[in-house]
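Handing you a structure now.
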Amino acid sequence: MQKIGEECGVFGIFSPTRQDVAKEVYYGLYALQHRGQEACGIVVNDDGVFTLHKDNGLVNDVFSFEQLEKLGHGNMALGHVRYGTSGGRGRENAQPILVNHIKGSMAVSHNGNLVNSYQLRSELEEQGLVFHTTSDTEVISYVIIKERISCGSVEEAVDRAMYKIKGAYSMCIMSPTKMIAARDENGFRPLCYGKKKDGSYVIASETCALDTVGAEFIRDIEPGEIVIFSSEGIRSIKTHCGKAKKTLCIFEYIYFSRPDSVINGCCVHDARVESGKFLARAYPVDADVVIGAPDSGIDAALGYSFESGIRYETGFLKNKYIGRTFIAPGQKTREDKVRIKLNAIKSVVNGKRVVLVDDSIVRGTTCARTVNLLREAGAKEVHMRVAAPPFKNPCYYGTDIPDREYLIANQHTVEEIRQIIGVDTLGYLTLDYCKNIACGKDMGFCMACFDGNYPTETPIINEKFRFEKKLSEKGNK
Amino acid sequence: MQKIGEECGVFGIFSPTRQDVAKEVYYGLYALQHRGQEACGIVVNDDGVFTLHKDNGLVNDVFSFEQLEKLGHGNMALGHVRYGTSGGRGRENAQPILVNHIKGSMAVSHNGNLVNSYQLRSELEEQGLVFHTTSDTEVISYVIIKERISCGSVEEAVDRAMYKIKGAYSMCIMSPTKMIAARDENGFRPLCYGKKKDGSYVIASETCALDTVGAEFIRDIEPGEIVIFSSEGIRSIKTHCGKAKKTLCIFEYIYFSRPDSVINGCCVHDARVESGKFLARAYPVDADVVIGAPDSGIDAALGYSFESGIRYETGFLKNKYIGRTFIAPGQKTREDKVRIKLNAIKSVVNGKRVVLVDDSIVRGTTCARTVNLLREAGAKEVHMRVAAPPFKNPCYYGTDIPDREYLIANQHTVEEIRQIIGVDTLGYLTLDYCKNIACGKDMGFCMACFDGNYPTETPIINEKFRFEKKLSEKGNK
Amino acid sequence: MQKIGEECGVFGIFSPTRQDVAKEVYYGLYALQHRGQEACGIVVNDDGVFTLHKDNGLVNDVFSFEQLEKLGHGNMALGHVRYGTSGGRGRENAQPILVNHIKGSMAVSHNGNLVNSYQLRSELEEQGLVFHTTSDTEVISYVIIKERISCGSVEEAVDRAMYKIKGAYSMCIMSPTKMIAARDENGFRPLCYGKKKDGSYVIASETCALDTVGAEFIRDIEPGEIVIFSSEGIRSIKTHCGKAKKTLCIFEYIYFSRPDSVINGCCVHDARVESGKFLARAYPVDADVVIGAPDSGIDAALGYSFESGIRYETGFLKNKYIGRTFIAPGQKTREDKVRIKLNAIKSVVNGKRVVLVDDSIVRGTTCARTVNLLREAGAKEVHMRVAAPPFKNPCYYGTDIPDREYLIANQHTVEEIRQIIGVDTLGYLTLDYCKNIACGKDMGFCMACFDGNYPTETPIINEKFRFEKKLSEKGNK
Amino acid sequence: MQKIGEECGVFGIFSPTRQDVAKEVYYGLYALQHRGQEACGIVVNDDGVFTLHKDNGLVNDVFSFEQLEKLGHGNMALGHVRYGTSGGRGRENAQPILVNHIKGSMAVSHNGNLVNSYQLRSELEEQGLVFHTTSDTEVISYVIIKERISCGSVEEAVDRAMYKIKGAYSMCIMSPTKMIAARDENGFRPLCYGKKKDGSYVIASETCALDTVGAEFIRDIEPGEIVIFSSEGIRSIKTHCGKAKKTLCIFEYIYFSRPDSVINGCCVHDARVESGKFLARAYPVDADVVIGAPDSGIDAALGYSFESGIRYETGFLKNKYIGRTFIAPGQKTREDKVRIKLNAIKSVVNGKRVVLVDDSIVRGTTCARTVNLLREAGAKEVHMRVAAPPFKNPCYYGTDIPDREYLIANQHTVEEIRQIIGVDTLGYLTLDYCKNIACGKDMGFCMACFDGNYPTETPIINEKFRFEKKLSEKGNK
């Protein structure tokens, strides 16, 4: 499918004894790189002295051996990978954010999107606060610090701040002596922690990052929960738990999370395989071969094969050397660009009735080109199965989705889409099925992008703010 | 499996009419990048004026948009991707090689390894020729140019030169007005050509590169054949054809070539699937799931599944962001490095009897670590199936293989290997099966790395030369 | 002499009509590069939308053509070159600083050092403000913004802020519609403005930057003055003028400013020539040749020659290719490093009685090595004349000076220094002469580094703060 | 004056005992950087194993600490700085050139230009030799190697080769066991050697490089001489000495060499001062101040001042931060570019009658702009004195000079030039004076660029070759 962006992956580590935790953040960020490729950063806490390095680029680009060495030693460290929209203002918005206030230093890594950031920002500005970035993370930091002045601990300040900040956030906050993990009461974005055999605690957006550093998964942070890691052990604050309906972003299962990650006890790979099975039951078809669109359609394609008994095959070869800086000189059409990235294996699809499984359809253009590659390679029939419902609405919680008019399912019926992308049959996942996408558990999802039911009240208000701000932007000088 | 290196991919284009062929070489090299990641280069021929850019690095690193622009226009161009051993002398050895001689300029891209390069080099040096690199390509160029002086055309010079150069070579030679493809009489390395709808001829190591630029495959260059592309059309010289037994490197099917490439009419993916089927017949086992070692074991794993009826699953998640410059700070063991690159999907293998299919076992160390990941993830049994015979001997034709003492199959019996890598059962492809690995066709293979039958006479002589040269290296000053 | 660092050069431009002012800042920063080589930045104001680029490095490194293009268009722009101590926290501290507050955006470029920044910072932090950097510029910005909330214009806020910020500052503040230049009431650092023929106003630390962009010098900003440039013309606020003794940093004449700059009507080159003349009158000697230590001793050497009648010559060749990244592999002593940078011209000094004029002596080590080069080249006598008084005290106003114990004049008498650096005679500028160093005008100087008379009350208090802060740094977590 | 390019600086070192000589080449190349800023390289000889690194860029850019380390150890090393014309084919032409032949390896660094390189190249190509570059250095190497086959030692081969190569060359040749310095029989380019206290011998284009590494100058290599440095000591071959008139390039004194270098016993600085004195005697004028065009006119300006008694002053401030990558965005005229690089010190020239001394006038354009800066700064009169004769003819010996039609003195009389550049009076050095420019010694010069008397026979032949080659370039395919 076409690339959908989400903002960010978070990784933190607290060790009661070891001083060399920076490198584990480095490995952890590698494991979370799929959550954001625009920028990354690590801040190390050496007995209260914070050293930060962040920049635009992949982990591989930003952290040389030398640069990692410069971060020095410390028993706590915090990292971040960032997905950024093209309009962003450059590396100023990279995370973690590191600030100094009356009670010391604080670093914050954040994944998600506030729905009332404009209001909060305005209020803070009225109180004389000054913003250096356009990120929600700075807003969150300031709200926490405001509270920190009049309360006894960072965690208390975080707790109070959570009454004010609305929307999606899974975050890690590092103070001179504590590492704090917190998740919004809806639990939009995943966040979990684990423990290494040496006693270090590791917090991460996904369990795959725990695996990478050899930490054993303990549990997910609950929606609304604040967990404090310090030399005095672990402590949990649950003031905000249960205050809202649980609404994990369903796209974590459909697309964002790595297949080997486990969220709420359900392995993402398994959930996708099950979706494929459902598609086979819901939209059976006589066919010769099932293939997945690389890489994100493969799990569901396997499921379709398991359920239907139609042979799963590798239908495409994906060129793994096409990097971020790939240029397409002399290429007039995106069609050509697809051809360079993907090549259909002719002997697999030639003369065959093919079931093509993908994770979702956004604009429909990439999908149409992929189908076209199959036709050119001789596929007799192409039956498209989509492991997500039709994509109709924007997201206010941190997923970067094109405007409504570009969402093919917002503009067209399923039958129209079938014709546009040029397939013989087309089947989507149903909304009903999605409720149980997590290996059959009904755990509460935000599916607003599919059904338009936004779990928070403010998105429309925030949109209004955004609109008014744009109007007044030139006036206030 | 552990990475085995082969030297190089070749891509050339000749257009009777178009002047913008450089970008097609660029795309072609992307498609061939798996054949060599150390260095790459493109030389463009603008009516006899050659412009070259080459450097160490991936296509993505070496060719910026600006750099491509600087190559300018021309109706012929030649490219190369290079696999290089660490001891190489840097970018001097990158290809294509571009030289000037009495009859004009000449560029050469070459894939393979001569077995008599030391002798040829010595003879040329005795005649006063001077070498700037340590590559066989320079030797080949000089032999051709020597002949060129006294004969009427480049192709005639190539023909004469082929009586002298022994070993493995699939190459492209660009003169001011001609593009020439030639392949050694054994046909060790693949080479084919195709045609675009605009009339351009494209020569490439593999068909996947033809697909990428939208060229239709015409045929493989025959072992011993010289094909000349010029404004007068295509011409073939077959003086050397049939002079030797056909001995295509069997590793092209097992590992080197891209699955979507077709060699001698047999799709590489299909050949691997068939190998997997053979393994299922030869080494059946009661098991719950078949998985492939990413990425090169997946095709054969599918085959094993097809034949055995045991479910194929995705057993590992491979981190696709681990780049060439990946550093492993604080990592004492290679074990850890494997863990960062691969993560077993627990829900797939936990409590299961697993068939693990890989393409080959070289040293056995990577294999043992991969098996260990499965055990840690809870696999009850691990049955290893290897889509190649035991790897016992060095290669003199361009494949970079560790010394004999590091080849686990050279030092140990299959049963010993089974114990070393820690699997319950272990099955290799048989030598007999390999003869028909190409979709059942007996097309002649070099399997010296497995059976020790070297198809050329000289490798031992060359080794002797090498040894003596080392002895005398310090003396000749 | 040894390099002494000062923090920063400032350059701003306001055009009532033109939209392409960014490039003039670029040229202006080149002209001011001698005031700071650590970092630089430019922010362009396009009708209220600010675009900033800043990074560590020289103007040449930070601003490529592409990068300049990205800054876009605008009728106002602000730039900065920064001198930074090695302990600085990287590019976060680069300027201009760009922030957003309730009344809009604001950019600030600042040259100097506050003496009460720790107090101000603490007060602001107590009010909940959050600091992203350790620079005084952020403190100044926040103080101004605090005032801005409750007053009608930026200039009024600046005026009010100036009652609070103490110490040395020459700064430029850019609001969405105004460019404001302000200078502390002591006038420690220079700041002036000029006008281009096209009506643009240019503000700069030194007149040489006006010359570079073809602007005609109008006048120096007065100590304590605020000058506002906007579409309504120029306006001056003089509330703070005359509140303090004028105490321009005398090092601007001695070392910092470029010789072709004019401060308070006196050309820096001329002032240095006059100092040389005074040295000739005060410390006459029988000698054959006068030479200057490159580059900063040359002007005074000319003056010594004019007054004494002893021939001025070029005594040293300075290697102009020794860049910032110069490495000195295998060089054990700084002696060798001096030899690579400087070479005495033997024929000029061999067998001669040499008068060597330098601008100052800090630690004495570089000076001793320079003298040694002359001795090795055959100088019979070396008479050192220093165009500054003995350097005895630290600076609290922005000059980066080694600790007292490293200042040779703080630890030794003139006679001892003479012996240490190995010269036959040694003469310093007198404090009395310095009062009139500006071409004879008694314009008021801060000479605290020579005489210990600090013109502000707070430096000692600030040092106390610094000390206490260090003590408590680890405690407040 | 406008920049004139010359090809290259050479530096070699041979130590009978030390293994760490690479770093001395590094320092030596810094000292010779003024002779070439396009490319540089170092090759280290570790007991017959050669390690080379070369690339486009300044020494500062090409050699990081890491890169120097990679060169490893060795008791011999050879370096080169290269001046290259823009049309050059990139880093392939960087030096030293390192090649392998039947008798071992050989590295060559060369300064100068052959006049019969086209003929030699053709002859070698006819014998089947193959060229990888377009540089004379490769031609020289091949000629030597050709001889080497049939003779007993490298030095004998060099001796024989020198009968064949015609033109300007000062070169260093490194064989596995010897370092050989050789200079053409005319002695166009300087070359000398010295000795360090540790017994190492150092060969360099200029003495300033000896000074930099602490070597004591021993003597210039004689025109036609071959000096061999090996473990058996120093040996000289003088077969070619005295075979031709000595014709050192006069531009070495006028412009190329560093002022602190000594050629043939005469310090370059002194020669320039003397030229200035002659100008004062030949073209006296009533004036207030003498200034030099930075940097190359300063020495002669001092001389003019000494002789005339008119005060020498610093008339211009040159911006030392304008690097090679300086871009001039939005600058339409070169006039502006001059203004950014140079600023006249108004107080020095305002209302004054100024004598401006420069080293030469090539096109006249830079000169006119410089004069204009003085006029703008208020100079009442400008009297130009040029420390070279009128520049009329091209150079065939390695100096990069614009075509005849761009040489102002080739197209105009002195009076016309005076008007074009806009000065009150104009005086050039005379040809007669130039014969004795080297501190009064008549040592034999090539002054062809001034008088058209080319000391070798072949330049015209070579030009003919060049012309014919261009004609046939497209034909020979």
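Letters A, B, C and D name the chains as they come in the text, with residue numbers starting at 1 for each one.
In the analysis below, a residue touches a chain if its C-beta (ideal position, glycine included) is under 8 Å from a C-beta of that chain, and two chains touch if they have at least 3 such contacts.
Source: prediction; values computed, not measured.
Student: Treat touching chains as neighbours: how many steps, at the fewest, connect subunit B to subunit C?
Tutor: 2
Student: List every chain that touches both subunit B and subunit D.
Tutor: Touching subunit B as well as subunit D, we find no chain at all.
Student: Taking each chain's centre as the mean position of its Cα atoms, how many Å separate subunit A from subunit C?
Tutor: The computed centroid separation for subunit A versus subunit C comes out at 48 Å.
Student: Quick one: report the Å distance separating subunit C from subunit D, using the average Cα coordinate of each chain.
Tutor: Each chain's C-alpha centroid was found; their separation is 38 Å.
Student: Would you kindly tell me how far, in whole Å, the mean C-alpha position of subunit D lies from that of subunit A?
Tutor: 61
Student: Would you mind listing the residues of subunit A that make contact with two or more other chains?
Tutor: none
Student: If every chain is a node and each touching pair gets an edge, what shape is that graph: line, ring, star, complete or other?
Tutor: Here the contact pattern is a ring, one closed loop where every chain has two partners.
Student: If we use the touch criterion from the header, which chain pairs count as touching?
Tutor: Contact pairs between chains: A-B, A-C, B-D, C-D.
Student: State the interface residues of subunit D toward subunit B in the complex, per the touch definition above.
Tutor: For subunit D paired with subunit B, touching residues are 47-49, 52-53, 90, 98-104, 122, 125-132, 134, 141-142, 145-146, 149, 175-177, 473-474, 476-477.
Student: List the residues on subunit A that touch subunit B in their complex, please.
Tutor: The contact residues of subunit A facing subunit B are 20, 23, 26-27, 30-31, 33-34, 58-60, 63-65, 68-69, 208, 211-212, 214, 258-260, 262, 267, 269-270, 295, 298-299, 302, 306, 311-314, 317, 319-323, 325-327, 329-331, 336, 339-340, 343-348.
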